[in-house]
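The data blocks that follow each hold one structure.
Next, two complexes with chain A in common: one pairs it with chain B, the other with chain C.
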Partner chain A sequence: MRILALALIRFVRGLATLVILLFLVFFAIRLTPGGPAVAMLGQRATAREIDRLNHEMGWDRPVMEQFVTYLSNVAHGDLGVAYLSPGRPKVLTELSRLFPATVELSLSAMLLAVPIGIGLGMVAAAYRGRWPDRVVMGIASAGVSIPIFFLGILLLLAFPAMPGSGRLDVRLSMRSIERTGLYLIDSVIAGRWDLWSSASRHLILPAVTLSTIPMAIIARVTRSTLLETLQADFIRAARAKGASWLRVFVFHALPVAAVPMVSLLGLQLATLLAGAVLTETVFTWPGIGRYVTLAAMQKDYGALQGAVLLLGAVFILLNAIIDLLAFLLDPRLRRSGPTNLARGRSA
Partner chain B sequence: MSRLLSAPLWAGIILATVSFLAIASPVLPLQDPYVQQSLDRLMPPSSAHWLGTDDLGRDMLSRLLHGGRYSLFVGMVAVGISLGIGGTLGICGGYAGGWIDRGISSITEILLAVPGILIALVTIAVLGPSLFNVMIAVGLSQIPHYARQSRASVLSIRSQDFVLASRMAGSSHGRIMLYHILPNVAGPILVLATMGLGSAILESAALSFLGLSGDPNRPEWGSMLHLTRERFQDQPWLVLVPGLAISGSVLSFNILGDWLRDRLDPKLQSRG
Partner chain C sequence: MRESIWPLLLMMILGVTGCAPSPPPAHESILIYGRGQDAVSLDPADAEDGESVKILTNVFDTLVHYDENGTEIVPALAEKWETSADGKTWTFQLREGVRFHDGTPFDGAAVAFTFDRLIHPDNPHRYGAANPYRADYATIEKVDVTSPQEVVFRLKEPSGVFLRKLAMFPASIVSPTSMQKLGDRFRTEPVGTGAFVFVEWLSKERLTLAANKDYWRGKPAIEEVIFKPILEPAARRRQLLSGEIHMADELSIPVRKQIEKDPTLVLETCPGMNTAYLAMNNDHPPFNDVRVRQAIAHAIDKSAIARSAYEDAGMIASTLVPKAMWGHHPALNDYAYDPNRSRELLKEAGVAPGTKVVFYAMRNSRPYLPSPEQVTAIITQELKEIGFEPIVKSPDWASYLDQVGNGEHDICLMGWQTDNADPDNFLFALLDKENAIPPKAHNLSFYRSEEVHQLLVEAQRKTEQDQRLSLYERAQTIIHDDCPMVPLMHLDLAIARTKNVAGYKLHPTGLVMLRSARLEPSGSK
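Then we have the complex of A and B:
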């Protein structure tokens, strides 16, 4: 039951955070000189034009009233329109078209980063102070220091045969078989291996680029947590009992070290999102990251609000899930009850 | 061990060189980083142009060194903003306790629950694209980390005897915070700032790379990559020069930060 209570607390807190975040964005946008109307009409617009637009869009109402209206629209599944894009498309349609691309990219990056990062960290911990440790830690330091956009360009330079933009070859289309929007999965379901190979060729370089920073951080933390755990008394006890070193490493040290690593995953989500924005720009990947950048650059506030809402919600939700996971993994947290955990991340 | 000791040394040497060249760039015998020589467009590195020229015939070496001034300065101002605001909030909240602390902590937690890049992008969208606003955006997005770190440090010392003694001797709260709390929390915050400098440079370069820092012709490392990234296949030096400059500086700051942390707090040694 505790886990349910905790889940409920986290959910309410997440929702509150999201509403506050949205309000801050909403409020800040309306504080800009001239507000959204000037962004839309340009600096040369006359006062009358601006007034007319403000009235038409409801931007002359009190901010709180606009905010409540926006929230109730959101609750009804209406995120408004991207009013600077040609044809004023609905933000929700745009987001649902672009979101799967970002999900596919981020998931592939994490599928690379987690096993490789943990593996590298384990190697480094097992060979502490010797050359494999130094090599891994050197790579990890470089991995967090090289700008991700520069790394993407370097990879393109190193593999000139690989496609550098988009999700598919231009002459191919997924339209007829699209279901989830994740091209690798859709093409497998439809049995279109030509599409699958094109999609995966386009995915590899962006995914590798995006995976580097989480991979480096996961490797470092795995190493340090393992080293700390390996010095604990229960490890010595297991060794004294006669368990082999490998057995101790895998069955005794790893489960204990898993707890901080799961919490770490939550912290990596922000890195992943920032990385996705840059990776999508370098590889012209049609996802949310590029969308939110363009919205910020063009001051398309309708689009910006929608994207912040979606990304914020996903981010907060995933963080809550990871907290619950850490709770399930760590018997100490389970015993101490949900209330003090609910006040903040355990990391 | 000698190997480990030499890494921070090298990082220091690199940073000293980069800073010196950046500061001295206006008086060094360099070409003007803005002057376009249409005859010398896209020249590979040569004796006349050590690092080649870009698509407008501007000398890359000169742009690199002048760019260092912008990139390092932007990072420092951004860290200054987050350190100033975040540190003050954290110290005040941690010292005052009660509802002030709860209020500040909730704000910090909300900000921590939002990815920094979103804060930065919204800031740019509201304030408009310019290098100055990039500094503000990066600075704002880092505030919660500084607030949290300084609050945690303050909590660990605020009820120690020397603080109580000073209070009993009649010191005001302001005096205690300034003369007793601040010097004792400065260490961990300084480590955070050193490592934060690396990530601030990285983040501002990223925003410039996205084209959010206004004038793209300014010789700032991120903007240089923004301008030249389409040419990486034919003129690779145009992307390698600024890219390596960013990577080298950030790596050096990270190594120095790690070293400082190990020096100042042996408990935290080699934690990720």
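Then we have the complex of A and C:
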């Protein structure tokens, strides 16, 4: 029952956060000069034509009124239309076409970041204070501090033969075999190794670029959690019992240190899903991050609001899942009750 | 350590894919064209940006067209034409046996359908097209279909520019069948008679066209062309090198220089039909005084701009009409760089040192102005040297256009790339009094010479090119003396390609026509 209560609290809070987020985006985009009507009609449009279009679209109504209308549409599952995209597609259609690209990129980055980050963290903890520790921590510092776009450009320069944009060679198409929208998986299901090869070649550089920050963070947290755990009484007891150092490290210390890692990993994944903007821009990756940037630049209200709504929802949802998972995994949290936890982390 | 499987897997992925050779040569009949932005609308009556025009040029035909090497008007969908004595009736004989990509035969009805859409705001088949070029065709009274292969255009007044306007992309002949069937979906699924058939468009990823096997000029040498938007010029160069694209345009000057040095790439250039200029707002004192305007003209060292901001990839402009175009006045004596003369003129005009000048300068590069920040720095410095105190304003591009169009500047940087290679498109568009009306003025000097207006209107109505030329030369002489603007530079056009692209020729109008391009087997790669 407790877990249900917790889930309910998180759900309500998540909704409230989403509305606030939308509210901010909704107003901010309308405060900037220019507007979709100007962009739609082009440079030769007269002021009268612009006024007429603004009136037709309701963009001349009070902002609060527009906001309420938008919310009610969203509640009915209507995210509106991307006015500045060719053919004015539904925002929902656009988002479901682009989201898999972001998911594939983020998951690949996590697949790189988690094992390497944990491995590095373990090495650093095992050799605390000696040179491997310093090297690893040096790499980790560089990893969190190097600007993503800069790293992306460096990689592009360092590997001139690797593709630098898109998910696939433009001459190829996934259309006939698309199921999940994750190209690596779809091409394997269909047994199309030519597509798989092209897709993975396109994925490597952006995934490596995107993985650096989570990798560095995971390495640091793994190291510090391990070090903390290694000083606990039960480790000393195990050592005293005669277990080898390696055995203690791998079978006693690691599993205990792994619990806090779960929430860290989830949070990192959420950040990646919501924040691959720079990587997607540098590598012209057709995902949500790039879509947000373009929509904001073009003042495509509907597209921007829809994308922010999706990113916000994903972030909040993942956060909630992590909290619930941690609650289930960690007996200490369960004892302290749901209210504490609900107050714990906010998105 | 369960995780240890992942590094292994990663190594496998890297091993398999990292060492795999470049894409197989099986696709070598598909040309990939890298460009800065995606298209916006593929309905000729709706489009206005250059990226959309690149598609329209290949999917549609016009009644007449430019010749292969220049801007002479030659037959296209119209085989021949004649003008009545008063210049108000134009009769076109249409090419027989041409079909639209949807199978509809091309005939007079299609021509009338296209132009009715273009000139009547209430046309039922407009389907929301913005029609930004309607004013250019406002001179058409109506289009009569006298037989399936003959149409008659009746004009409100004689026009020397009319034929050139028929060569412009808004006059592309659309398939009436598809237009009525698709409605506003036509702008994402265009159907014309052109060398390429529209296949698919994935917004901001790729736009694919396939060869029109039955094209009346002969089928294109390549089977497909894919237009791929790549934001950064440096990224386009990289993709040329990595083999992801075959051609790239909209190259910045530094990237052009890098490509020139690269043995595996080819840079083709030709003089461009564009002009960058500094407009001086004649409505704002002290720029209502011709001496002050001339002082500014004498203060700007154009050769310094040509060297540093253009790295010699352009020509110094002495008049608004580009050197590469007919109508250019070749014998004007340009204002020499002479700051002392400027100071004298300013003294005569009674302009006190330290006078503030609101100087609008854009931050984004333009097709005529590749590095505006450098040009701005040079001009700012030179204005200071003759005693002005410039206040530079650089809002974002949309606001910039709004504000200068509204006359909020004292001086501003601007430029123009011709739509139809006619001097009217420069002189009337940018310096006639009819275009000096805020808030959407194109005449940013707010120059309202009655004399020039008379000459330009007369030139519009004449149909003999020689007569028009002399009118335009007279107008340019007057403009030169009145000095409402300082013409700065004409930027060269440039396109980069890999070595194995052959048969493509840069057209001086900047139109991208890919019918003759072909891909040759690339030796060792």
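Criterion: the second predicted complex is superposed on the first by the 304 of 347 C-alpha atoms of A that agree within 3 Å, B and C clash if a C-alpha of one lies under 4 Å from a C-alpha of the other, contacts with A are read in each partner's own complex, and residues count from 1 in each chain.
We adopt the following convention: contacts are C-beta pairs under 8 Å (C-beta built on N, C-alpha and C of every residue); 3 or more make two chains touch, one makes a residue touch a chain.
If you're wondering where the values come from, they're calculated on a predicted model, not measured in any experiment.
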Output check: A:Pro160 vs chain B and chain C. Expected answer is one of first, second, both, neither. What do you get? both
Touch test for A:Gly119: chain B only (first), chain C only (second), both, or neither?
second
Checklist entry - After superposition on the shared chain, which partner residues are touched by A:Ala28: those of chain B (first), chain C (second), both, or neither? => result first
Notebook entry, point to check: After lining up the shared chain so the two structures overlap, which partner does A:Ile9 touch, if you call chain B first and chain C second: first, second, both or neither?
Noted result: neither
Touching partner for A:Ser85 - first (chain B), second (chain C), both, neither | second
Next on the checklist: On the A-aligned overlay, A:Val250 touches which partner chain: chain B = first, chain C = second, or both, or neither?
Outcome noted: second
Could you tell me if A:Val38 is touching chain B, chain C, both of them or neither one (first, second, both, neither)? second
Let me test your reading of the model: by the given contact rule, A:Arg171 touches which partner, first (chain B), second (chain C), both or neither? second
Both chain B and chain C touch chain A at residues 156, 160, 281
Within their complex, chain B touches chain A through residues 3, 109-110, 113-118, 121-127, 129, 198, 202-203, 205-206, 209-212, 222, 225, 229, 232-233, 236, 239, 243, 246-247, 250-251, 254-255, 258, 270-272
The answer for chain C against chain A in the complex is residues 1, 3-4, 6-7, 10, 13-14, 16-18, 20, 22-23, 27, 30, 32, 38-42, 48-49, 130, 132-133, 184-185, 187-188, 201, 203-206, 226, 228-231, 235, 238-239, 241-242, 244, 395-396, 398-399, 401-402, 439-440
Within their complex, chain A touches chain C through residues 33-34, 38-47, 49, 85-89, 94, 111-112, 114-116, 118-119, 156, 160-166, 169-171, 197-198, 200-201, 204, 250, 281, 284, 286, 290, 294
Chain B partner, complex, touching residues on chain A are 14, 17, 20-21, 25, 28-29, 31-32, 134, 141-142, 144-150, 153-154, 156-157, 160, 217, 220-221, 223-225, 227, 264, 269-270, 273-274, 277-278, 281-282, 292-293, 295-297, 299, 301, 304, 308, 311-312, 315-316, 319, 344
